[in-house]
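To keep things clear, I will list the structure first and then write my remarks on it.
Chain lettering (A, B, C and D) follows the sequence in which the chains are written, and residue indices restart at 1 in each chain.
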């Protein structure tokens, strides 16, 4: 399992291609479920020109690793990959990637969605949006389930 | 030794500091620590507390050397 | 929306990278959910050395397009991509790719899973496995939900 | 004109043909067509029927020019 928190832009499909080459037992994998969250150019009715993603270094990595470990304990998974951006982002930049490899699709779907919801509700990240008229902190998350 | 305090995001901007340090008193809790550091306003009800990078209750007893963080609801991930 | 049925091997992450470049309104997309199904080297306790995927040309494309259209009517989606292999496969070859782009993660997750389950239960594909001891038709699908 | 019949996968191997053609009789159904083409065994209960590439019931009336397919439960997608 791999957790990456990075201030560098990342290309999710290239990250997935490279990571999959590293899987020890690719022919045990029948299913891979992936989620990619990216920055939209609008939110709550306003045009958004950019974003700063702040986080709590140390606690972030610790909690992402715990979320992934909990998923591996609950489902039968071959591998899990989580990548999360920090720093300055522009519209359509990838923010988060969650990928789960498993023998069967049910496990892959359920674990991927669970890791994503857990991450949103627990991992210490905060978004500050740059609007036409100034900046604002995002106050709450949209419900995902 | 002492207790390290960290503030993040909008809370960091509101209290006007990102890090502080305070001596540890016996039986001290994060709520006590907030009063020591942020004299002019009470601990907001929606503020989250972490002790040594784990979520904690505001009344959890602290010990010397702990790192305490206060921050607003988290908003990572995607839309 | 795009549906591809192909006897050629495909690289899902490269297909996704290329397809995403074609999205008209990338900055409206906040969420992308993807499922990739690939061939395992075991099934029902037996080692599987290869597979032939037979389909009903014409009906396959027609039903995949209908499944995608139903998903677009039910959820607010920016785009949907489905790719399904036919012909001779080897272990770890990708079989199916379903990708859904949407403004929000709930729609993307739900639509991706729904399209995948619909595809499995309705699209006219049949798997014939090559074992150590001969060949056998796969008789039924594993439940996914 | 006539009715085209197709068989797929294990059913194709069992009946020993992939395509056939039969004249259309008034009121004819896929079940009737099966009896015309596969004389020696009844239509298995788990066999699926498609008429002009849409799923159909075995007792749906057919018309001249229809394409009728018989096939076993589908097994595409992933594990």
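Here is the rule we use: a contact is a pair of C-beta atoms (placed from the backbone, for glycine too) under 8 Å apart; a residue touches a chain by one contact, two chains touch by 3 or more.
Just so you know, these numbers come straight off a predicted model, no measurement behind them.
Following the contact convention of this document, A, C is the list of chains adjacent to both chain B and chain D.
In terms of C-beta pairs in contact, the better-connected of the chain pairs B-C and A-B is A-B.
Each chain gets one centre point, the mean of its Cα atoms, and the points for chain A and chain B are 26 Å apart. Our note on geometry: chain A versus chain D, Cα centroid distance of 48 Å, whole angstroms. In chain A, the residues that touch at least two other chains are 30-31, 35-38, 40, 103-105, 116, 142. Residues of chain D found to touch two or more other chains are 77-79. The touch graph of the protein chains shown belongs to none of the named shapes.
Pairwise, the chains that touch each other are A-B, A-C, A-D, B-C, C-D. Across the complex, chain B meets chain C through its residues 77-79. Residue ranges on chain B touching chain A, taken from their complex, read 6, 8-10, 50, 53-55, 69, 71-79.
Of all residues in chain A, those touching chain C in their complex are 11, 13-14, 16-17, 20, 26-42, 91-92, 103-106, 108-109, 112-113, 116, 142-145.
On the side of chain C, the complex with chain B involves touching residues 30-31, 103-105.
Contact residues of chain C toward chain D in the complex are 35-38, 40, 43, 53-56, 58-59, 62-63, 84, 95-96, 116, 119-128, 137-142.
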